[in-house]
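Chains: A, B and C, in written order; residue numbering restarts at 1 for each.
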Amino acid sequence: MNLRHVANGALLAVILAVAAVVQHTSPGDGGWQQPIEVTGTVGDRVEGRNIAATVWSAQVAREVQTSDWTGQTTGIWVVVDVSAEAVVDEFAARLGTAQLVIGDETFSASERPDLDTVYRNSLSVGIPTRGPLFFEIPTDALGKARLQLGIDSDPRLDSLLVIPLDLSQLEVRDSATANDVQWGAE
Amino acid sequence: MIRRWVPVLAVVVLLPLTIGITFQNEWGSYYQNRPSQPVDVAKGDRVEFGGTGWQVTEVSTTEASSASGEEIGLPAHTRLVTVTVQVSPDELIDGLSPYCMASLQEMAGDRVLRSWDDATFADIDYAPEEPLEWGCTPETTSLYEFGAWFVIPDDAGEQLSLSLEVSEQQPRYLRLAL
Amino acid sequence: MTVPAAKPTRREAARALFDRLPTKWVVTAAAGLAVLSTAAFGGLEDAPAQELPQVLPGDTHHGAQLDITPERAILVDSLTEEGYEPDPGYVLLVITAEVTNTWNTPATTLNGVGAADNLRPVELDEPLAVVLLADGTPTPQLQPRVPVELGYIWQVPVGSLEAGDPVRVDIYDKVYRADGFVTYGERFQEPFLSAFTELTVDLAEPADGR
């Protein structure tokens, strides 16, 4: 009889220990809603569920120009040349999330260039749209960054493309001119 | 004797019933309000759907590299697919023929691989020629034909279907093989 | 013969004594102690009303999320280039300020949720628009630690303000809230009056469309 009690007690202890481990390692409220990250490098085609993108290059400049706009800032500009396309369907498919995460700060792509940026452009399945993304950041933030791209402005629960960029390695130009947005370009 | 088996019987009956009812409760409206039940139509066939007759009468493809493709301004490595659909409205709703949303689907057997929305706002120089309407036209209540056109990458497969969604008929929708 | 009762213990004696104490006395003593303890916190007098701090034009107000430096108040007939035309009988009042987002995520300049709520001339409601003065972008996003010059635009009846008039502008701050039960993500909400500034109305120079 005594052995059975000991065995029951041991089993109970094991179950409690497992329960504690499960509780501590389960994702919290925010955790289970996290975006599904897909990482890639500059020059690679990075593909998620319904978004695929290739980052061609990044530049740093004090002033930027497009065919219809000149951008001045009290900080500094990071211009990223990117192609993006949808993968399976075009329902609500647009480049809705474009962020630069540097340290613990998050910067969103600028809407100042209006139509001259590919930010928030609608995406076609299998047909890339190529254009610039502009980020305004403080001058002391030129360090290691993560470029994050996603289909919806709320990146939770869907693919988030992550491309690391080392901004400290880029030459700081006085001005940079960006190309127009082109549908169907490589 | 029977009394010993009553609990077992209860589980055997109640378990599937519980699962079924819970599934219906949670997912019923999801599937109901989506085009989730395709009505497949073989190539060239006419079908009665939602009180209206539908039939694909013409399909044409223009490659970007061709002369007409260049005139239209198709981006490199794409093709234009134009579909002509004949609509014969029989039963009108509020005096109007049904409105449909068209999309092009790339199929692999029964599975949809990719789908494209129509190219109405695409940056190309194309429009269906008179007397074709541009997509479904509810104001036209007699027999008419409309053109639906799509710009797709040239790596799209051979098996393409035109999908027509009529919101009153959801979750059923028409899938016309091309 | 009964067993003689044992001598009561100290605990039992105290218990008996307490039972005989009238309840009223206990309650009054407790209340008295509570009132006496307020002496440690300034007694029962009213808390002094805080004076609303004034921010001079060119000085910075540091809020929880935004640093705001009010600059000018400008009266202008219209901003046709940017697309802002007042209704007939109205003119535009533009309050300019340098605003810096001191948080670590972008801030909006929308009404009700963003920086449009943080500056409000007395007696006016939501602004018609908040624009970036550098290029006229409406409702720009404020990036962390990048100072920008914003123009807050209201329409006011013709004649209500003249050049040289003072305009009192309230400055609001907001409260930080982390992830909510049904809401996702942190936010700054519940604007509360934090400071004010007084600007003198200028008329727009002809060349300066802003």
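In the analysis below, a residue touches a chain if its C-beta (ideal position, glycine included) is under 8 Å from a C-beta of that chain, and two chains touch if they have at least 3 such contacts.
Quantities reported herein were computed from a predicted structural model and do not represent experimental measurements.
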Inter-chain pair with the most contacting C-beta pairs: A-C
Innermost chain, taking as reference the mean of every protein Cα atom displayed: A
Whole-Å gap separating chain B and chain C, where each centre is the average of the chain's CA atoms: 53
Whole-Å separation of chain centres (CA-atom averages), chain A against chain B: 33
Residue numbers of chain C (touch at least two other chains): none
Complex interface listing, chain A residues touching chain C: 29-30, 33, 69-75, 104-108, 110-112, 114, 135-138, 141, 154, 156
Residues of chain A that touch chain B when the two form their complex: 87-91, 124-127, 183-185
Contacting residues of chain B [partner chain A, same complex]: 74-78, 103, 113-117, 122-123, 151-153, 155-156
Residue numbers on chain C that touch chain A, as the complex places them: 104-106, 132, 134-135, 137, 140-141, 143-148, 179, 184
